[in-house]
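I have placed the structure first, in the form of structure tokens, so that the comments after it can refer back to it.
All chains are identified by letter, namely A, B, C and D, in their written order; residue positions are counted from 1 within each chain.
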Amino acid sequence: MLTSILIILFLAVIIGLVLGFSSVQFKVEGDPIIEKIDSILPQTQCGQCSYPGCKPYATAIAKGDADINQCPPGGEKGVRALAELMGVEYKPLNESHGISKPKAIAFIDEDTCIGCTLCIQACPVDAILGAAKQMHTIIEKECTGCELCLPPCPVDCITMEPIEENAENWKWKYPVYSIAVSEKKVNN
Amino acid sequence: MKLLDKIFKFNGGIQAETKKDISTKKTIKSLPIPSEIRLPLRQHIGKMAKLRVKVGDQVLKGELIAEADGNISAAIHAPTSGKIKSIEKLLIPHPSGLPDFCVTLIPDNNDKWVKKFPIDWKNISLKETNKLLLNSGIVGLGGAAFPSHLKLGTNRNSPIKTLIINAAECEPYITCDDMLMRERGKDLIEGIELVQSLLGAEETIIGIEDNKLEAFKIISSLIEKKPNIYIKVVPTIYPSGDAKRLIFLINGIKIPKEKRSSEYGIQMFNVATIVAIFRFIQYGEPSLSRIVTITGNIKEPRNYEVLFGTPLRSLVKDAGGQKIKNNTFLMGGPMMGFTLPSIDVSVTKTMNCVISAEPEMIQVTEEPLPCIRCSKCAEACPVSLQPQELFWFSKSDQFEKAQNYNLFDCIECGCCSYVCPSNIPLVQFYRYAKSEIISQSIAAEEADIARERNDFRILRLDREKKERAERNAQRKAENTNTDKLKLIEEKRAEIAAAMDRIKNEKNI
Amino acid sequence: MLNNYLLIIISTVLVNNIVLTKILGLCPFMGVSKKLETSISMSAATAFVLTIGSMTSWAINHYLLEPNDLIYLRTLTFIVVIAAVVQFTEMLMEKNFPVLYKMLGIFLPLITTNCAVLGIPLLNAQASHTLLESAVFGFGGALGFSFVLILFSSTRERLEGAHIPQPFQGSAIAMITAALMSLAFMGFIGLDK
Amino acid sequence: MINQQSPFIKKAPSVTWIMMLVMLGLVPGTLACVFFFGIGILLNLTIAIITALIFEYFILKIRNLPIKLFITDGSAIVAASLLAISIPSIAPWWIIVIGTFFTIIVAKHLYGGLGSNLFNPAMIGYAVLLISFPAVMTKWPLPASHLLDFNLAQQIQIFVYGTKDVIDSVSSATPLDYIKTQILLNRPYEVNFTKGMPINSYFNASIIISLSFLIGGIFMWIKKIITWHLPITFLISLALISSIFWLVDSTRYLSPFIHLFSGGTLLCAFFIITDPVSGPTTPKGKIFFAFGVALLVYLIRVFGGYPEGIAFAVILMNICVPLIDSLTQPKVFGHE
């Protein structure tokens, strides 16, 4: 009886020492996984995930505070990529955070705009040009379509316009055939 | 003249029925000026040409309508004299079937030339010649539509040793290069000599498939006395006319996807492009027309010399119309071409061939089955890819893996689909996957920009906040400072007073 | 002598494969076999834990438990030792391969409860192997585990594009595949004689 | 259906046509089997094909796939035929039905049907049967010209009730089985081809059957359904491996000749490992795969517990196929 207790004690001490030593030796700082997650997120900075931007959301995912299905602009593909990176099961987009829709770009109706600069302050990527009491315009190339400029506008002069398909951005479509060859796999 | 014997062989390829004799029975015919000309502003690889005319302008034949926008772009000229009717989005010959900007010109039927400026290339520098070529509007007429001035450009690292003339014309049905060689061999040879000396190349090799006997005879007799021009007959195996495949057949050099042939001292031109360059330099005529094969399900198949912008409808009408009406036309060959969105599109610089679709071409008789991994496609792939794996990944959206299997090395030649026992439209899957990957990478780039800008904004807001805080603090500090000084001074005054008192007391 | 070790290896890798014949360690076998990359790293981690674990377990069994007639403590002490080795491996990985560490996720600490990892030291103790034999047995077990895990994950990657009937997608078809692999491994019966 | 993208022309044999040619290739071998092992082989074949089609029909119906398209592709018939030929001619009917079930339903359709199966369906069916019913699966009739003393009533009786209640004298161990037992028991064995021992009649039959399969194989090769890689590598590897052992100790190990011409070696070489779906696709991979199968076949035949290792060897190598394929990618044009 006594020997067994002694042996267990002995083991506990040895193991404790080894682990204690290695925990000092292999101390980890920083978390490169955040960068990886951030690179998957679409960087719209829209805040639909309930975090103030993509980076904060990435941090929250890495910490385990947020789920992977809270990013509507990333859509199903984004969730899949996150699921793969994190090694968890795919789950459908959480609709309480919004639904995925095709990318759109904000347009300012320049006749209505009163130049209040509220939208400029709201834009997360500084894609709106203009100064006080002057008409504002959107730098199309830089607009992420986050819609954050819509609510602050006092005169509702901003509209979201989906990007039109033209000969330049046109994509070949998924071949459609009547049977299983081309049936896309939905699960896992 | 020398005949080169050693032929290298790439993996696979296919031997399809060439069907070329359909359209070689008659000579090249010039199509009369149509009643309306619609010129798309994007007929080449690169940026859309920059418009130089406005609605209502009167233009002469050969006058600049749109100029090259930057270096990777090509100019567009009026194919005949007339009046600009409109500038609007119209259907263009593009697989998307989407409209794009076009200039509509109403010909006045005078066909009056603008003043031509032949180039005295022997007495001016290469750089100047090249600058002039920028607005020749000449692009690769084999179908790739790569602006030719870039290929003749001077800013390259390695000198060009070999000029290869692509006369393989490997796709079935197409005969425009064949007919050009038969009828305009002299222009071609003069053009070759010109381009060879422009490039400073030591030799020229003409690569021709062994099914064009007549053209071969004519060309060989023309180059009999030319010491630096060789002709090399390659076997009729599609896709021997693909640039990198042809270079390999001729020189045994395998040029990877991401490299240009010029890095290996080789430059390649299509026969029609050579003639266009020759005409521009010799006579000052910009690129205004091309030879188009019209064949297939048509009453009078033959080759036409057609002005750019001519509606396909007038071409079809002149060729007697379709034998079996189905209103479907393919642009390019049957292996790599695409169905035209409408008969109302116009002839462009890339339109080497129009095939009036045979019913069996557009009607799939057998249903596709799943891939049975028979690897017939891998045996046929001229790039030595694994089409069955690419298909497997493309159909299930596993793009990363598809890229690991070198999806982007695929030249979409269609050999895999041609031999597939399961009837799978393999090339369609690759195009889909490529499109998706490209759009994803564009999205990723945009995301990077957005991230940077967002980071910058956060930084800026932080800095502003800090600055504000600092200012406040400073202001506060300033306030407190004066108070303190006052205090100290008061204290000092008190001390001094006390000292004085003590002194006084001592003195007393 | 060498023959003996060779037989142990053949036996543990092919004939008595720890996963397919002994049906031990199914949890990571199913859990981390979705991607080839993770399965390779999982294999490495398990091999490390198994070899070290079976050696330390041997030492404890040989020097502490058997002389003191405390064989009933085997399971308990082995679990503790394995848990410690796993903890150690985890820290090592977090430091050196952080992305992998994140990808393996819960399955890394779960090596502790991997019955293969406990099973091998126990089998070692039962068969009264020597230190070297224990190490070889542990390593062979790990090799067998890695071997089938890597093969299994490569087949599962291939299945990703397959048009599997809805009810059989995911784990179901993986279990069936494992069963068929096990069936094939039955062909090795008798090879270790 | 309208084809809207290139290429607009094509010329390829259909899957059905390929499967039909495979069936044609099987004809000489099957006839030889029938000649030596009796009409039972034909009964097996018939019942296997019928049950395979029935299973196929129902599973397609359940999976909501176009029935006509997939039934006519012929893959089920080929798989069932390969299974039936491997099963002893005196096996009862339910053996075939169980085997076909595993072949069609488990090995093929659970994995997604045509083109998706990881394992060779026929070999899965065979391996399941061999492990579950070893006694039945290793009992072949003595090879003789069974067509001459053909007794339909007896055959059907065997087919319905199995051999147990009928007669015992018709069956014996296969040559590989016999030799293995003899070696295990340290007894001498005969591999002489001229004496009239039962083992010799086995070999004579084996050689003729093997040659018939070879003819079928060559036919498929001429028709370009199979490439040389798989069968040739397999046969050469098996010959090489067995030669090495045989040269080391010819009293313990059989000559390569016997290995090549016994069991289902040639059937395996031309019809089983050439299954495109479960096999590798790259030329190098094919060589690797065939070598692996040969090695495993030899190991299991000589050292393992089962008399014939083809089914196990093929399935084991099938498991390795995705890995082999990804590791043996040919060099892409222009890549160094």
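The definition used in the following text is that a residue touches a chain if its C-beta (ideal position, glycine included) is under 8 Å from a C-beta of that chain, and two chains touch if they have at least 3 such contacts.
Worth saying up front: this structure is predicted, and the values here are computed from it rather than measured.
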Legend entry - Chain whose average C-alpha position is farthest from chain A's own: D
Inset, instruction - Go ahead and name the chain pair joined by the largest number of contacting C-beta pairs. - result: B-D
Legend entry - Mean-CA-position distance for chain D and chain A (Å): 53
Legend entry - Centroid spacing, where centroids are CA-atom means, of chain B and chain C in whole angstrom: 55
Inset, instruction - Would you kindly tell me how far, in whole Å, the mean C-alpha position of chain B lies from that of chain A? - result: 35
Inset, instruction - Any chance you could list the residues of chain B touching two or more other chains? - result: 95, 367, 369-371, 395-396, 422, 425, 428, 431
Legend entry - In chain D, residues with contacts to at least two other chains: 1, 5, 66, 69, 112-113, 116
Legend entry - Residue numbers of chain C (touch at least two other chains): 158, 160-164
Legend entry - Of chain B, residues touching chain A in the complex: 42, 92, 94-96, 98-100, 367-371, 395-397, 422, 424-425, 428-429, 431-432, 434-436, 438-439, 443-444, 446-451, 453-458
Inset, instruction - Using the touch definition up top, name the residues of chain C that touch chain A in the complex. - result: 32, 35, 38, 60, 64-65, 68, 70, 73, 76-77, 80-81, 84, 87-88, 91-92, 94-96, 98-99, 102-105, 107, 160-164, 166, 169-170
Legend entry - Contacting residues of chain D [partner chain B, same complex]: 1-15, 17-18, 66, 69-70, 73, 75, 112-116, 276-277, 279, 281-282, 325, 329-336
Legend entry - Complex contacts: residues of chain D adjacent to chain C: 62-63, 106-107, 109-113, 116, 118-119, 124, 127-128, 131, 296, 299-300, 303-306, 309, 311-313, 315-316, 318-323, 326
Inset, instruction - State the interface residues of chain C toward chain D in the complex, per the touch definition above. - result: 150-152, 154-155, 157-159, 162-165, 168, 173, 176-177, 180-181, 183-191, 193
